[in-house]
C-alpha cells in the first residue's frame, strides 16, 4: 500500500495547502512587492496540492480500496474522522481537477489585482478554500464535517469580498455569508436530529442505525438537510445569493465556486439520501424532481434576462444544478419504487452531469474572467468584436457554450441524454402522479435545453461577434499563456469526456455501485470489474461514431468545395447597411436579443420598465432633453420571501426592545416578579 | 452491397432536396394561378450560386466562413440516418454503423447545433437584420423544440425504442385502433416542422421584408458558394422533417429488406406521402396569412400541448 | 428563654414591620429617615434581646454595632445630606394609597401563605415571627418599585437589609463575629457610596425623581 | 499559602496606589498595576498545575482553590493582565485627548485593583458569606468606575447598576443565610464541602426556595434576562477597558457563585430542578439578546447584549449537564478572552471615532488596519464560526441539549442564527465603506495594540490545540460540578 493511499498521504495533501497558504501570507509580509511572490507561491502550491489530490482519487478508484482513519481531538464529541470511498474519491477527483485548472489560471490572472489589493491574502484564502473543499469530501463525522463546511464558507466569503473597495462586492459577500450561515443552521439541525436519533455524530453509526429511526424524525432530518444543502446548491427559492456572490469573486475563484463548491451540496445529498439513510419514501424523489425542474427552467430564464456576463453564468449554475437534481430525483424515485438497476443508472446520469458541469462551467467562467480582465467591465452591452482581439479565448468560450447547450459531440449532451433516458423510464411507472411529475421533468429539461442554446447564442454573439460597442472593447488584448492553457485543457476535456462517454458511464456506474456494494469493514468496492466490463455500456451512447462521421463528412465537404470553387474570388466589402453608415449602436444588444423571450415568459419573469424623461423646461413639456429607459425583471423572492421575513424580525425586535424602557422602577419590578414566579413554581413542583 | 447502399443513403437527401423545394414552389404558383418556375429550377440556382464570386463583410469573423460548412454537414449527417425508403441502417464496416445517429434525441440536438451556428453567423456581420433574425430564430427554435421533442417521444414510447428505423419497423405492426394518439402527435410534429423550417405561419421563406423575415435575415450577408450551401442545407432540413413525418407517423410501406420490389413499393408510397405533405405545406402557404411574431409562441405551445396530450393518452392506455 | 422575653421580641419585630409599612404611606423623605431609624433601632433591640437571653456575647456586640451605625450614625448622615436638597425632599409613588395598601396586604398574605409555612417550621429557632419579617422583606422591595424618589429607593435597600438581618435573627443563625462585622461594614460603605451618588444625581439632574433617569434606552 | 499571596497582591497594590503614590506619577501607577496583574497571572500559572495534581490547595484563612476555583482564577488573572495593559494605553490616549484629567487615572487604577482583589477573594473563599461580601465589594468598587466620566448618563447607568445589583445581592444573601440555617449546620464556619456533605438531609422545599433566592440574586449579577436590564447601560457608559473586564470576567464569577450552590442543591434534590431553571433562563436570554442585537444602534450596547447571549449559552450548558457542563466551562474561557478582545478593539474604534453610534462609523478597515482585523476576527469567534473555540463549545452544548431538550435546542440554534445575522450586518456596515473626512487613519499608541494582538494569539492557541493543563483542570472542574463528592 504505497504512501499515497495511507493516512500520511492525506495529511501530506493537507499540509501542502497549509504551507501554500501561510507561505503566501509570510512572503506577502516579507517582500513588499504587493504580494506577487506570495500569490505565485500560493497558486503553485494549490496546483501541486490539487494534482496530488487528483492522483489520490485516481489511485483510490483504480485500487478499489477506500481509506478510513481518525485522529483524536481534545474535545469530547469531536473526532477528526476521515473516510475516502468510491463516491468521495470521484468528488475529490472533480474538485482537484477544477482546482488544478483554476490554479494554473490564477498564476497569471492574479497580477490584475497587483497594486489594488495584496495578493498574499488572495493566496492564503484560496488555499484554505481548496483545502476545505477537499476535506468536505473526506469528513466522516458530523461535527468534523460542520467544522470543514463552515471553514469552506468562511474562506469563500473572504474571497468574495477580496475586492473590498467595491460596495457591491461587500453587499454580495454579506448576502452570501448570511445565506450560507442560514443553510448551515439547517444542516446543524439535521445533524443534531440524527445525533438524537442515533446517539452519535459518526456517519458510520448513522449508516448502521438507518433502519431504526422513526419516520417522523426521519422526515425532519431530510427536510432540514434539504433546506440546508439546498441553500448551498442554489435551488430556486434559496438561490438569491448565487448570482450575487459568484460574479463578485475573482474569476478563477468563481470558476471553482460555481463549478465545484455547489457540487459539495450534491455530494452530501447523495450521502444522506443514499448512503446514511437509504430509506427515503417516494415523496422525496418527487420533491427533488419538481425542485430540479423548477430550478432548471427558472435558472435559464433568469440567465436569459441578464446582461452581466458572470451573473448570466451564475444563473446557469442554478439551471445545471436543476438538471443534476432531475437525475438525482429520478434515482431516488426508482429506489423507493424498488427498481435498483434504474436508480443506479439515473444516479450515474446525475454524477455524469456533475462532472460535465464542473468542467464546462469552469471553462466558461475562466473565459469570462479573461474577457472581463481584458475589457475591465462585466456589462455585455460594452463588448463586441472580441473574436479578433481575443482569438483563443473566444474559441474556448465557443466550445464551452456548445458544451453547456448540450450539442452532440460534447460532454454536456452525453449527460443530458442520459438524464433523458432516466426520465423516460420514469414515464412508464405505476401511479398517475409519478407519471405527471416525470412528464413535467422531461418538459422542463427540453425547454431548458432550447433556452440555454438561445442564451448562449446571445452570450457568445454579443460578446465576441460583430463590431466593438465601446471604447474599452477596442483595447482588449489576449490573456497570458497560463490562462489560455487552463482553458485549453478544459476545452479538450469537454470533447474527450463527451466522445468517450461509453468509458465514462462505466466508470460512473462503478462509483455509484460502490455506495451500496462496498463492505463496511474493508471499504473495498468492486470498481475494477466495472471498468473491465465496460463493453456492456459501450453501445448506450457511442458519441464517438457520431463525432467521427460528422468530422468525416465535414472534411470531405470542405475539401470538395475548396477544390471546386478554387477559381472563385472572395472579396471583403462593407456589411449591407441600406446606405446609412452602420455605427456600433445599430448592432443587436443582449437586452434586445432576449427581449422577445422575456416578453413571452412575462408571466414568470414579471419584466419591469421604467422611463424617465427630462424636458428642456418643465411646464412646456414638449421638447425632450433626454430620455432614459431602465428595464429589469421582477425579483419575487426578495419581495415575497426575504423582505417580509426581515421586516417581521425587525417588528418583533422593536416590540421586544421596549423591555429596556429606561425606568428603574420597572427594572426592579422585573426582578420582583421573577422572584415571586420562581418561588411559586418551586413550591408547586 | 451494403457499402454502396450506405453511400447512396448519405447522398440521397442532398440530391432530392432541391427537387422538393421546386415542387413546393410549383404547387404554390399553381394555387395562386401562376405558371411558376419548373420544379428543377432550384438545381440551376444552386449551380449558379456555386459559380459566382463572394463578398464577405469585413466585420465578420471566421464563424461566418465556417458556419455554412457545419450547417450543411449536420443536415447531411442527420439525413443519412433518416429512413426514406428502407429501415436498414447504413453501415460501412461491421462495427461502424450509423445506428447512434438514428437516435431521435441525437437528431433533434444535431439539428439544434445547426440552428445555433446559423444564428451565430447571422449576428456575426453586425447588421441590424442579422441580429434580429437570430433573436427571432432562437426564440422559435427554443419553443418549437418542446413540440418536436414530445411528438417524437410519443412515437418512441409507442414503439418502445429510441432509434428511428426500429421505431418505424415496430410502428408498422401497431393495430389501427391505437393510432389516434399518433395522429395527434403528427399534428404537433407538423406545426413543429413548419416552425423549424421557417415555413408559412411562422416565417415567410420567400420574402426579404425586414419585418417578416427570420431565416432569410440571417443569411442576408451571404453570397456565392456559402449562400448556396445555406440554401441547400435548408432544403435538406426540410426533406429530413418531411421524411421523418411521413415515415414515423405513416409507417406503412417502408421496405424492411433490400429486394427490388419492396424498394419499388416503398418508393411509390414514399412519394405519395411526401406529395401529400408538400401539397399541404404549399396549401397553407398560399391560403393562410403569416402570424404576428408574438402569436407564434401560442401556436408552438399548442403544438407542445398536443404532443403532451398524445403522450398522456399513450401512457395511460 | 422566658415567656416575657419572647413577647417583648415579638413586639419589637412587629414594630420593625410597622415601620416598613408606614414608609409606603408618608410623602416627605425626612419622615422616611425617621422610620428607617425606628426600624434599625427595632432590629438592634431584637438582636440585643436575643443576645442577652442566650448570653451570646458576640450577638450583643453585633447588636450594639447595628444600633450605633444604622440607628444613629446613618440617620444623622442622611439629615445633613437632606439640608442640601431643600424642597426636593419628597417623592410621590406610582400607585395611589388605597391600591398600595391592597398590594401590601397581598404581599403579607403571600408571606403567610402555605409556601413559606413549611419553611417556617423547618428552620430551627422560632423566636419572633418568621413570616412577619419575610413580609417586611417583600414590602421593602415593593417600596423601591412603588416610589419615584431616588432617596426612597436607597432607603428601600437599607430597609430590605434590616429585614434580612431581622429574619436571620428570628431563625437564629449563629454567624461568626467577623462575618457579621463584614456585612455591617459592607452596608456602611454602601450607604456612603449611595449618598455620594444621590448628591451627584441631584447635582447633574437637578431633581431626585427617577422619572428623570430615563435617557438610557435602546433608541 | 499561594492563594493568600495571590489574593493579597491586588490589595497591596491598591494600598500602594491609594496612599503612597502621588496622583501626578501616572506612568508609575500604570506600571505598578501591570506588574501586579502579571505577578498574579504567573502565580495562577503556578497554582493551576498544582491544583490539577493535588486536587485543591490547602485551606489558609478561609482561602482554598479547588479545580473550578483554580480555573476561574486562571481566567480572571489572564484577562486582568490584558485589561491592565490595555487600561494603561487607553487612559494614556484619553489623557492626551483631554477627555479626563491625569489625577483621575489614580482613582481608576485604585478601584481597578480593589475590583481584582474582590473577584479573587470571591473565587477563592470557602465560606459562602465571605463570597457574598466579596461579590458585594466588586459592586461597590466598580460603581464609581462606571460613573467615571461624570456625565449624567454615566451617573444614571451607575445608579441603576448599584441599585439593581445591591437588590440582587441582598436576595442572594437571604438565600445563603437560609442555606446556612438549614437544620444540621449550626456550628460556626461552614464551607462548601461541609454544605455538600450534609446536603442530603435538607428538606427539599427549603432547598428549592433558597436556590431560587440565590439564582435570582446572583442571576442579576450574571445578567440573565429578565434581570439583565442594568447591563447594556453599564457597558455603554463605563470606560471601555473596565467594560471589557466587567463583561468578560464578572459573568464568570457570578456564575461561579450560582454553580457552588447548584452542586449543593443537586446533591440534595437531584439535578432536575436546577437544570430546568438554568435552561429556562438561558433560552430567554439568548432569544431576547438575539432580537435586540438585530436592531441595535450602539456597538457597545451590542457587545453588552452579546455578553447576555453568551451568559445564556453558558447557563444552557450548565442546565443541559453531561458534556454541556464541560463545554460551558470551556465556553467561559473562550468567551472571556474573545469578549475582552472585542471590547478593547471597540475601545480603539471609540478612541478614533469618539462616537458609539454605528450609523456614523464607516471604513474602520482602512482607518484602523490592525484593530479592525482583530475586531472582525473577534466577531467571527463570538459568532461561533469554525476556526475558533466557541464553535466547538456551541456545538457541544447544543448536542448535549439535543438529548434532553430537543425543542429548546432547535429554538436556540435559530436564535444564534439571528444573532449572527444582526451582528454581521452591523460589523460589515462599520468595517467597510469610505473613510469619513475628519478621521485620519492610524492606530493610537502601542499599549492599545499589544494586548489585543497577544489576546488574539492566545485565542488561536487555545482554540486550535487546548493545552493539557487547561483541559485537565476543566475536566476536573466539570467532574466536581456533575457528581458532587
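For clarity, chains are labelled A, B, C and D in written order, and residue numbers in each chain start from 1.
Everything below uses one rule, namely that contacts are C-beta pairs under 8 Å (C-beta built on N, C-alpha and C of every residue); 3 or more make two chains touch, one makes a residue touch a chain.
Note that the coordinates shown come from a computational prediction; the quantities given were computed from them, not determined experimentally.
Colleague: Among the chains, which is located farthest from chain B on the basis of C-alpha centroids?
Modeller: Following the centroid criterion, the farthest chain would be C.
Colleague: Is the C-beta contact count larger for C-D or for A-C?
Modeller: Looking at contacts between chains, C-D has the larger number.
Colleague: Please work out the Cα centroid separation of chain C and chain D, and write it as a whole number of Å.
Modeller: Here chain C and chain D have centroids separated by 31 Å.
Colleague: How far is the middle of chain A from the middle of chain C, if each middle is the mean of its Cα atoms, in Å?
Modeller: Here the centre of chain C sits 70 Å away from the centre of chain A.
Colleague: Using Cα averages as centroids, what's the distance between chain A and chain B in whole Å?
Modeller: The computed centroid separation for chain A versus chain B comes out at 37 Å.
Colleague: Compute the distance, rounded to whole Å, between the mean C-alpha positions of chain A and chain D.
Modeller: Chain centroid spacing, chain A to chain D, equals 44 Å.
Colleague: Pull out every residue in chain A that's touching 2 or more other chains.
Modeller: 657, 660, 664, 668, 675, 679, 683, in rising order.
Colleague: Specify, in ascending order, the residues of chain D that touch 2 or more different other chains.
Modeller: Residues 159-160, 163, 167, 205, 209, 232, 292, 295.
Colleague: Can you give me every chain pair that touches, using the contact definition above?
Modeller: So the chains that touch one another pair up as A-B, A-C, A-D, C-D.
Colleague: Which of the residues in chain B end up touching chain A in this complex?
Modeller: Within the complex, chain B touches chain A at residues 10, 50-63, 69-70, 72-74, 76-77, 80, 96-101, 103, 105-106, 109-110, 112-113, 115-116, 119-120, 123-132, 134-136, 138-139, 141-146, 149-150, 153, 156-157, 162, 220-221, 224-225, 229, 293-294, 297, 304, 308, 311-312, 315-316.
Colleague: Chain B touches which residues of chain A in the complex?
Modeller: Chain A residues touching chain B: 384-385, 387-388, 394, 398, 402, 405-408, 413, 417, 420-421, 424, 427-428, 432, 435, 439, 442-443, 446-447, 449-451, 453-454, 456-458, 460-462, 464-467, 541-543, 545-546, 548-550, 553-554, 557-558, 561, 564-565, 568-577, 582, 586-588, 592-597, 599-600.
Colleague: Which residues of chain C touch chain D in their complex?
Modeller: Contact set of chain C toward chain D: 115-116, 118-119, 122-124, 137, 141, 144, 150, 153-154, 157, 160-161, 164, 167-168, 171-176, 179, 182-183, 186, 189-190, 193-194, 197, 200-201, 204-205, 213, 215-216, 218-219.
Colleague: List the residues on chain A that touch chain C in their complex, please.
Modeller: So the residues of chain A touching chain C come out as 657, 660-665, 668-669, 672, 675-676, 679-680, 683.
Colleague: Can you name the residues of chain D that touch chain C in the complex?
Modeller: Touching chain C from chain D are residues 127, 129-130, 133, 136-137, 140, 143-144, 147, 150-153, 155-160, 162-163, 166-167, 170, 173-174, 177-178, 180-183, 186-189, 203, 205-206, 209, 232-233, 236-237, 292, 295-297, 301.
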